[in-house]
Amino acid sequence: MGGDLASYDRSLIFGVYSTINVIVFMSGVLIFMMQAGFMMLETGGMSRKNAINNIFKNFVDACVCGIFFYWFGYPILTGDSILVDWMREMGFAHTTENTSPGPIVTLNDDISLFFNFAFAATCVTICSGAVTGRIAPYAYLFFGAVFSALIYPVVAFTVWNPDGMLYGVIHDFAGSLVVHGLGGFAGLAGAIMLRPRIGEFNFGRGQIDSYRFAGSSISNAAHNIPISALGVFFLWIGWYGFNAGSTFAAGFDLSEIDLSATQDQPDMIANAIFEQLIGGFGQVVINTTLAPCAAVFSVLAFFMVTQNKYNISDLMNGALAGLVGITANADAATAPIAVLIGVLSGAVYVIAVIFMFRAKIDDPIGAFPVHGAVGLFAGGMFALTTGDMELGPIVFGTQMFYGAMICMFGFLSALVTFWVASRLMYVIKKLGNSQYFDYGPMPRNHLRVTPEQELAGMDLELHGQDAYSINLTAPGKAKTTF
Amino acid sequence: MGGDLASYDRSLIFGVYSTINVIVFMSGVLIFMMQAGFMMLETGGMSRKNAINNIFKNFVDACVCGIFFYWFGYPILTGDSILVDWMREMGFAHTTENTSPGPIVTLNDDISLFFNFAFAATCVTICSGAVTGRIAPYAYLFFGAVFSALIYPVVAFTVWNPDGMLYGVIHDFAGSLVVHGLGGFAGLAGAIMLRPRIGEFNFGRGQIDSYRFAGSSISNAAHNIPISALGVFFLWIGWYGFNAGSTFAAGFDLSEIDLSATQDQPDMIANAIFEQLIGGFGQVVINTTLAPCAAVFSVLAFFMVTQNKYNISDLMNGALAGLVGITANADAATAPIAVLIGVLSGAVYVIAVIFMFRAKIDDPIGAFPVHGAVGLFAGGMFALTTGDMELGPIVFGTQMFYGAMICMFGFLSALVTFWVASRLMYVIKKLGNSQYFDYGPMPRNHLRVTPEQELAGMDLELHGQDAYSINLTAPGKAKTTF
Amino acid sequence: MGGDLASYDRSLIFGVYSTINVIVFMSGVLIFMMQAGFMMLETGGMSRKNAINNIFKNFVDACVCGIFFYWFGYPILTGDSILVDWMREMGFAHTTENTSPGPIVTLNDDISLFFNFAFAATCVTICSGAVTGRIAPYAYLFFGAVFSALIYPVVAFTVWNPDGMLYGVIHDFAGSLVVHGLGGFAGLAGAIMLRPRIGEFNFGRGQIDSYRFAGSSISNAAHNIPISALGVFFLWIGWYGFNAGSTFAAGFDLSEIDLSATQDQPDMIANAIFEQLIGGFGQVVINTTLAPCAAVFSVLAFFMVTQNKYNISDLMNGALAGLVGITANADAATAPIAVLIGVLSGAVYVIAVIFMFRAKIDDPIGAFPVHGAVGLFAGGMFALTTGDMELGPIVFGTQMFYGAMICMFGFLSALVTFWVASRLMYVIKKLGNSQYFDYGPMPRNHLRVTPEQELAGMDLELHGQDAYSINLTAPGKAKTTF
């Protein structure tokens, strides 16, 4: 039936090509919106005095990631890097061949790169929430470059590339572990290394007294909740790209569909292909909607039981926790399971927040509770949960074990990266003599800005700008002169 | 010509499937952005002291809608609910069969669910603008649940489902009546039942004097116009999804196209199918652009004639009025008619605002003037206007009559729902003894927060947060302690 | 092979139709988001006292453009206008015929109109940044109408319509010259004609002393950097629509693909068509990502060398400069060239900012440095740069010459338009006697609001609103009474 099949295949393949590439491009744009979302979430959720510094970090890290992921990260992800050759030699990567009998419709390489860049930028930015308010900007940008060029790509390669060691061993649909677990635990490492902001948990109380600035504020309180809330909506919106786009991130294998079966019922065969193509996609979209809704109920219930005040920041982080939770399993969960994952993710978030508070680890925006704790929990526990609840115990153990390994890798690699950044900052400080790098005695390490800079706020100290002149207190501060 | 036709149909059906599902998914995402738009519009347009409460309402109602629409609303909409069976028994619904001779390309069920969820969430949120600033949060969430699960789905089923009583009787393309009329009149009911905020129309002047808080403000003025303006842009952007996506909400009937006619001119037949598929879609997009532009001119002209101050909030609401106005007829109107509808919608908005002011009904964001008044006007008057202005008088009367019925249904069902909510709040208050529910003597009903809470602002009283610490007046207020 | 080819062509043509129209529609929505982006960028980057006026200008100009571009501009662009007939008579336009041997898949006319409207609105809005803070709102709206109806369409017709004189002579992919150069130079003309805001470059120092208002501020400082930063993200996001959508703005010529070559390898031929369709698209997306990232590095390096403060506004404008720079060449540049263009665009931006500062031209948001200077530079220098760096000197000279002509046309036509607006404002002022138009003695022209209005802020003077009541200083100011 040569001619017929040929003409059939051409049009089919073209249609599938077109569909998945358009969806993945639009998904990439939606994910890129998450950069704006994180920027607003963190800026609004932090003190006014560091607003511009937060914008700076979130904006420039996307640019750093754009360059470094393009040149170093993406080749690792696709297996075209010297590093992957070395990993193959060392046994950390396989060499597989595509043995699919039918045509696999793949993404355009540039669109795939754009989509994966957006993932990498998200993963880097997750950390920024945990270290914000006291990290030296250059140290953070160095971390972002290493994370974009090396750490995230190696993990993503290992889990998602067919040559990766964990490919087919664990299931992580859109990155509860690979993106959120990794990023959240890296943020935890940063938060521990940096120690709390001055004033949190009574940390640095002495410094507050000795460095009291005229007109400066020691408040670390969130300064602009509405913009923070808008950021959460951006993240939710972007997550539709994150999850839905991931349906096609690996292309689409036409061989799974029996083309000859209903050859004489053209609409049935088109329907079958379409349902396979879009059906899973639709399920992902619904799961991505139900899980955050359920997680908000979960956090709301916690507030009802324990207190009569309803902190909006925690409710919104609850929605993000639900989104992180469903990310590993959005392709397999049925709607009731998505709701269950959402409820449990909200609970895990609350527990993690209390843990962080008790452990006196200062994670200003809740990057670890939202992304790290929930990512590990949901990626480890629920990534395998399908509609009929067939949880094989061995496979479950494997998932949990490797999930924890990924998070541990994120934690340790961030520790090393921040340590190197700290040493580099020290060297630069010795080499340079500018005011910016003249840190003075630091309580712990060279990752942090000076107590003076922290107390006065990095906006005025490092950027020479005031984020708002609404009070009319600082006219002209925002002008640059040449 | 079996084989040829078969191969032709397969590819065609697949292509149409793919096109409409991708567009409807992206439209769903755009409509979901409207949640962020309403949040910003209302938060920025209200007083600072209730900013977080506004965010809470707009954020949590989307989550409530997600859960309740999924479980109860959508089955009603698709006719798979016990309620619809009962409606059929009672004669409020038909039982029709699909008798289309050709293949109808339908949406993926999950994508249709997502798209309709976004509609339902919009309809619920419309009400929130009218009741904001004094409604007890739980009463509002109860209302949102009932509206998502029952009221909106029943109306949408009746108008849009082929089994619905009004299907084919009236024309409402994307919901000037079903979404905006219904929601706007429900908001009107809420605004009347709740009575004005303290301080509006000199309402509760005595209470202001007796409950003067140190440092609190009685101002109800809009506190952040820029974020409000951004919200309006989000709504406009989301409306492209609202209207354009609705082109394919019911799928696409291939039988309308004569496939055999130009069998030997392949590009012409593809062109014909495509123009039928996308042609109406493009027209919708243009109408959705022209109507709000024209409505802004209309409001601007009103300001020119009556005063020399140009209130940006009214101009932006004018654009929304134009969008509401074109929603019923975006598929049929030609461009000049879209402009006409826009101009008239702007005028109706202005008249409705003046009416609300004179009637002393406090609708803080203008939900009724924008959605209710314009929705009824445009849905009743213009939904049938086609390019050649064939307005049948009987059909026009039918449209107007049922349009008014839908709005009346929204008004009455909201009255009942809010009354039940009020009773429930009373019961809960009697059962509980927490500070939150201890309302004290209420001027009218249990829907409202206490005068103390209203005057001090719900942000501090109910959420324990201050939306901004830009003034540095309330350091540390935003922290939750465990 | 008639039947086969026929069936092949139908499905192919339909698929291509569908793909390009969906992409262009979504791109149009993304570009429309840039209106919100410009609004936020300008509002946040200007003084608080003119926040509402900025919103007014940016919002209403989009509406003006919607109406005027629809009725006058788009017919010019497509060559269906009397003006184009006159241009043909005068020799400023050709009359060509479509001689393509194969089917050209064109955009749906309404979707093309929507897409081009979004372009026109962007071009108009670019100017607003340069003239903001002192221009009389009506003068600006008059300018916007003329620009939408006449100036932009004529230039876009000349470069992009096959009948245009410069079609095929110069290469401007998505409008570095046609949109950004034109708009930026028009803004420069406006900034020069209007002279600086009072207080900038010590301009009008005497007036400040004589018109000191109680409680008013002379500060021109940026008042809300976070919202400004969000605006930049919106612009970046919108640029994906701007550039990627432009890939298909002229439709798609199927004749470029040899359909018969691999007739028996259906997936290869589908692949070939697809790669031709989406391949260039993907390249555009990557270039649009890399150039702004690189430009930010460029501006960051400048700050490192010259000072130790990192002005976030300049970094963000740097990203926009990179985006403007790649716009002319996004279809042809390879990734390394995109990075190079980004780096150089950032440098050109910095040089232009310094030039403007030294020349004492007050361009509050940097419209000329970002759009004008970089647009001319990149459109003139780099639009022809392809992967293999084949820069023919003559062609390069042609590109540079006509690029400069386009910018000069923008500058001169804006001069004339603003002059006419100034005369019109004078006439209206004489005719009317309202407070709004009673300008009093003006230092230079009738384009400007009065010094009193400028010093007190246009928000209170012209709009009767205060953008924020966060300070609780002006309760009730935002209410309109009837």
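Chains here go by letter, A, B and C, matching the order in which they are written, and residues are numbered from 1 within each.
As a convention for this text, a residue touches a chain if its C-beta (ideal position, glycine included) is under 8 Å from a C-beta of that chain, and two chains touch if they have at least 3 such contacts.
This is a predicted model, so every value here is computed, not measured.
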Copy pair chain A, chain B: interface residue numbering same or different (half cut): different
Rotation angle (°) superposing Cα atoms of chain A on chain C, nearest 5: 120
Distance from chain B to chain A - Cα centre to Cα centre, in angstrom: 32
Per-residue overlap in chain A, given as positions that touch at least 2 other chains: 7-8, 11, 15, 18, 22, 26, 224, 227, 230, 468, 470-471
In the complex, chain A residues that touch chain B: 4, 7-8, 11-12, 15-16, 18-19, 22-23, 26, 30, 47-48, 217-227, 229-230, 232-234, 236-237, 240, 244, 263-264, 266-267, 269-271, 273-275, 277-279, 281-283, 285-286, 289-290, 292-294, 296-297, 300, 306, 308-316, 319, 335, 339, 353-354, 357-358, 468, 470-471
Of all residues in chain A, those that touch chain C in their complex: 2-3, 5-11, 13-15, 17-18, 21-22, 25-26, 28-29, 32-33, 35-36, 39-40, 43-44, 51-52, 55-56, 59-60, 62-64, 66-67, 70, 103, 108-111, 113-114, 117, 137, 224, 227, 230, 434-436, 462-472, 474-482
